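The structures come next, written out as structure tokens.
Shared between the two complexes below is chain A, which pairs with chain B and chain C, respectively.
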Partner chain A sequence: MGPVAPQKAAWASKEQEGKTVSRTSQESVRGRLERSNALRANIKRVYIYVFLVLIVAIFSVAKLGQVEMFGRGHFLSPNSIVNLLRSAVPIMTLAGAFTLLMISGYIDLSVGSAMSLAAVVFALMIRSGASLPASIAGVLVMGIALGAINGFLVMKLRITPVIATLVTLNLYKGIALLIVPDGLSAIKGTAEAPMPAWINDYARKDVLLGLPWAFYVALLVIAALVILQRKTIIGKYAAAIGGNRTAAELSGISAVKMVWILYAAVGAFAALAGISRASYMSLGDPLSGDNMELDCIIAVLLGGTAFSGGEGSVAKTIVGALIIMCVTTGLMTVIPAYWQTVAKASVLLIAVILNHLLVRVKA
Partner chain B sequence: MRTNQASGAALPQMSNESFLTLFMVGVLAVIFAIACLVVPNFFQARNVLNIVTNNWFIIILGIGVTFLLITGNFDMSVGGVIALTGVLSVWFCQGANVSQNVLANGLGLPYILAVGLALLCAVGIGAINAFFIARLKVPSIIITLGTMMLARGIAQIITHGAQRNTSLPDEFGLVGTAALPGTNIKISVLVMVVLVLLAFVFEKMTVSGRRIYLIGANSEASRLSGVKVGRHLASLYMLSALLAGITGILLASEYKAGVSNRATGYEFDALVIALLGGVSIAGGFGSVLGMFVGAIILSVVTSAATGLLLSPDWQFTIKGVVTFLAILAQRFALDRRK
Partner chain C sequence: MELTDNVLEIRDLVKDFPSVRAVNNVSFDIKRNTVHCLVGENGAGKSTLIKILTGADQRTSGNIRLNGAEYAPRSTKDAKLKGISTLFQELNVVDQLTVEENLSLGMEDTTLGFLRRTDKTKRMVEAMNSLEPSIKPRQLVSSLSVAKKQIVEIAKAVATESDIIIMDEPTAAISEGEIKRLFKIIKGLRERNVTVIYISHRLDEIFELGDYVTVMRDGKHIDTRPISQIKDRGELVKLMIGKTVFEQYTLKEGACKDPILEVRGLSNQKLNDICFDVHPGEIVGFYGLVGAGKTELARAIYGADSYGGEIRFKGRRLPNSPDKVIAAGIALVPEERRSQGLFTILTIRSNVPVMNMRKISRAGFIDGSRERKISQEYIEKLRIATSSMEKETRKLSGGNQQKVVLAKCLFADADLLMLDEPTRGIDVGAKSEIYAIIRRLSEEGKAIMIFSSELPEVVNICDTIYLLYDGSLKETIRNGCDLDSEKILHTVTGGA
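Entry: the complex of A and B
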């Protein structure tokens, strides 16, 4: 736990005690506090699942007057579930690594731009004749480089993470816009240089249960990161750095190396997310990753990761990501599209309040 | 600051802040000279005037952003607030029940009232920022990105994702387009100059202004010495939102339209000019004057790029590279000085 924890506890107990000084009342206060802490810890453990079930339930009954349960057009019809999961692939790919970075107390606001740049470069490589594996490998290497640049700026040049990655956000987006020729909005197939149809193979073609390769790759990434966080030393290192960087370094963890690797990993997964977006859309849109950083932040906060790092869970972030996707796709069937932004902002503010109320309690 | 006190009155030495501002003025002079040599028709009275006046909206935003940055906080919501107040002022002002078209009908309020209410809503967004950041201690970057979406989202709802520009009274377009008598300098530029001067006086000569630096240098120490940190931060956030609101009103009046995607990315520009002017997020360091110099540097660089016929897509890349160079150059200059 960070240095905030004891301070917060002191503040809480002061408020609870009020002006009472007698020992008996202090003891009863302590008992009450412990009980309320236990309650909050329990709520904290399950609230995100309850939240997800609640949202799915709301959207399932929302249009029951017009569509049949599980029928065509219903929120839980097989078709719409497949669609939801397909469009959730980029954030599922990216949010896990993003969580690890935030647990270690750092942030990367450039993920959306790295994703856009990856989508543009991927589409360009496929169109100019590179094979699918070669293009994926090339773009992944680029993603690692983009992430490593962030890591260099933050850890070596010691520029504040928010500022460094905000500037690279604009830098990467600028490069993506420069690659796309003037007057065009995206890299897409033309008469002289057609886009091969198999660009879809990765993120649209049905391999199993109606879902494409990209989805199973995302599942694999999530599984790997959950195991990495729970069962290996890496997860503990990340939490240690986020909790107290000086203490972590004194106990022999190389924070610079560790966080640098995490930035590179976030860059790589942002590139993978960009690849699946480009493959799904069959084009490289330089704005396709816009606002991805906000989606990631919302997912991470919903998942109960502390703002300042030190604790959090990859698995819960993924549930948070599913909540966002349910809200955005579900709302589209109920209210006009121009309500989307406010809906997302409200989810963010709700996530912040829930996070404030529930995090910082020892589970 | 420290060097100033240590050397005493006998040998007055420049503060780090003034040193850095002067350093950036030097950088500005060099960049300007290069631009004059390389870019055709750059050194002309009209162009130089444009460089100073064209960015009035970013400079107004920069005032609030600079103060907050000095305290160690971000305000990314300013772009959204501009869109919101612009759209609201139009909506309040549009005639009521004048057309079949939903986007042509407003509330039919008088202009002054419409502006007042729109500014009130802007301050409301600032108050949301203030509540979460000063009271709940949530990192400012997360909350202000959220309120950026909230403000822009409300603007999108009111305009159905597009814009409102019909059935407006004539006086709506007056403030934004009118020029000072005898010149072609817009009233908006005058507003910018007045606000910068006021901000300069506030920053250098008032107790609250100096406390901003104390909070930025060490928030805990200033709390212990009796400064109400939360209240200060809250008023700074509301001030920043109010300045963004004023900008939004002026821009809406200039274009006679409330556009929901107006001012996208302005929050980044405001941050960039503050950083170019030497404001440090590490806290307690920077000045409005420096921000002004930073704004002119950015303006010279972008207008030189346009003069060299680079496509507008270069803007993002140029801004990014220039910001990194400025941050590193400033750190180098300060290190050498010690």
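Entry: the complex of A and C
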């Protein structure tokens, strides 16, 4: 090494000490990681069903009879089940498409407003004498347009999804409120212009087992979207874009086009949800979709879809949606309305924590 | 079209960046169905050349012909369509999909949108399994090792009939056994009508794998030769470094003090049992190529990454969190000054005191006059060239930006200053100014650690030089003694 200044030699000598350090055996670390991953994967597979069963069990066992029951019976009585399913129609209709959008890594906060606007426009069309099929078709087209606007803002103008859809959330809601005349809280039948009775035909009239058309349509939508997600190119591309957009685009997939289509689909299903809400209540309430985005996000997260996209399941989202409906309707019989919001927030918190623990398995 | 012998012909390629010509009149050919290695020191222009080939960057002038046809990709996707796939270090596979789904991604056979399992997918899986039989088609890609993900990507590039696959340091993150398997696959690609452009800092790999090698230095093309015409590592290293002129280092006088920083058995995912001391007034250099673990070492000491082993600072165990490390008296000038070192939209005045706001504020309120006074002081002390302290730092030149980062760290009252690539992208004049500042600081008794991939820099100012390779300290050199640049480069490229 040649001539070395003395103080440097002193520096050098100290380095030889302390070279003994226990290195964690990589084998055992890897083994532990694999086992914990396998465990998480198993929990992830079943926890949502366990959760649903648990909640139903709790509400069934709890002595709800002690409280004022709004004339309803036991939580599991046919009557309450029908009621629960009827009120679950909007979220069942919407949550599937919402899941696909979130699998692709995007989000739409404007679904509730789009739903409200659809409800108002639908009631207006029915009241002005349009037929039921024509009204439904018209409002669906509007829903596609509302979704496409979101898609344009996010995919073409590249505005952050949360911001873009927060803007349209307010925009769509504002339009819905504008449409309703001053002094009224909703579009409803008046003495001069009564609401035709067949507005109920879609979402209230009993078709089979006490349930209306809207319910069976929602079932159909769910079945179609489950198949779409699992068996078709759309489901695969959504996962690919959410998982690794660069890789997807390098494979020749147009992320812009795909996600735009998903936004339009979410708009359409939000409109359908709005239609069923309006048809059920016989009026077009400009606030009827409020907080729908929250319900959708809870359902999707409970269903184990990654918030960052890439993986998820439409079927499990629907289970998640049922959990939310059980919690809200179950609690409705027990606690005051304002507490229900707190309860819902708690469910969201649980969903987020579970999602974080189970979905984000570190590579 | 008649296929020429050369799959790629590069002519007079130039790429200018605002302050530097990164690729300077480069011309060479790449023969069809060969493994063509690209070597050069950091800053030689390899990465820029590759970025132009993959469409990530546009050339300033020059000509590239792929299969005899003009080639000017607009994006990575465009490059891929035209026949050049790239195996980036950031792998382009979708973790959440299965192997099979990844292979067929974008090329699915469908009926009315429904996915079908067809012979095409089967053929792709077979092709992949002929490269690597252990990968199962139904396996999730997230469960594969990095090496196997690479193989999936290679299989996909082969299936899409890429003419060229560019591999950028593919062995950086994989184990010895996996490297052997990967090499077998790369060698096999020649028979599949694929040309490989292979970039690596590990020279042994070049000799094992390559048919041809192109050496670049300072943005220029130095030579392209068949590997067989290169005698040994030594010759290749000579081509890479050329004649390096070192500035004279002057030995420093000083009494032996107790070490201020003692690192013992530091290990984490990227680092392997690192031990060393730093003394007050000492300038310590860590030299290694990209991926050697320099930044990782700095980050570990700074508490930004977790680690095993022990780090003692001023005799006390150093906590593992940046805010506490700063409070203890260590500051870091990070590698990327724009994204990690500066608040670029804020003024010089607002940047200088950020690491020690307490010193210029009273009861939570910032004392504007003190802030101005201190900024003015540092502008003068470090000779920051600016019209005013109110200038946004993004408008400064690289050298002056770096001085602002330095000012920020100095104001934090650090006794140990870590500088990661302190002069990257800075012109020569500003470079020597920064060296002068570093020397002055060490004379004031501050301990300095420099992490650099530029040998002249380390040799110029450091008292002690540690050579890093693959996360390990390979050698310790006391500066002022005999320095053999060839031997150093030999060590940091993995030579025994």
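Quick note on the criterion: the second predicted complex is superposed on the first by the 325 of 363 C-alpha atoms of A that agree within 3 Å, B and C clash if a C-alpha of one lies under 4 Å from a C-alpha of the other, contacts with A are read in each partner's own complex, and residues count from 1 in each chain.
One rule holds in what follows: a residue touches a chain if its C-beta (ideal position, glycine included) is under 8 Å from a C-beta of that chain, and two chains touch if they have at least 3 such contacts.
Remember, predicted model here, so these are calculated numbers, not experimental data.
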{"item": "Contacts of A:107 with chain B and chain C, given as first, second, both or neither", "value": "first"}
{"item": "Chain B versus chain C as contact partner of A:308, first or second or both or neither", "value": "first"}
{"item": "Chain B versus chain C as contact partner of A:247, first or second or both or neither", "value": "second"}
{"item": "Touched partner set for A:173, first chain B, second chain C, both or neither", "value": "first"}
{"item": "Touching partner for A:234 - first (chain B), second (chain C), both, neither", "value": "second"}
{"item": "Partner chain in contact with A:38 - chain B first, chain C second, else both or neither", "value": "neither"}
{"item": "Chain C-contacting residues of chain A that also contact chain B", "value": "none"}
{"item": "Residue ranges of chain C touching chain A (in the complex, touch as defined)", "value": "76-77, 80-81, 92-97, 101-102, 105-108, 110, 113-115, 142, 156, 251-256, 259, 262, 264-265, 267, 273, 275-277, 279, 282, 308-310, 463-464, 476-478, 480-482"}
{"item": "Chain A - residues contacting chain B, complex", "value": "107, 109, 153, 157, 159-160, 162-163, 166-168, 170-171, 173-175, 177-178, 180, 182, 293-294, 297, 301, 307-308, 336-346, 348-349, 352-353, 356"}
{"item": "Chain B residues within the chain A interface of the complex", "value": "74, 128, 132, 136, 138-139, 141-143, 145-147, 149-150, 152-154, 156-157, 159-161, 260, 268, 271-272, 275, 281-282, 311, 313-321, 323-324, 327-328"}
{"item": "Residue numbers on chain A that touch chain C, as the complex places them", "value": "1-8, 10-12, 14-15, 17-24, 231-234, 236, 239-240, 242-244, 246-253, 306, 310-311, 361, 363"}
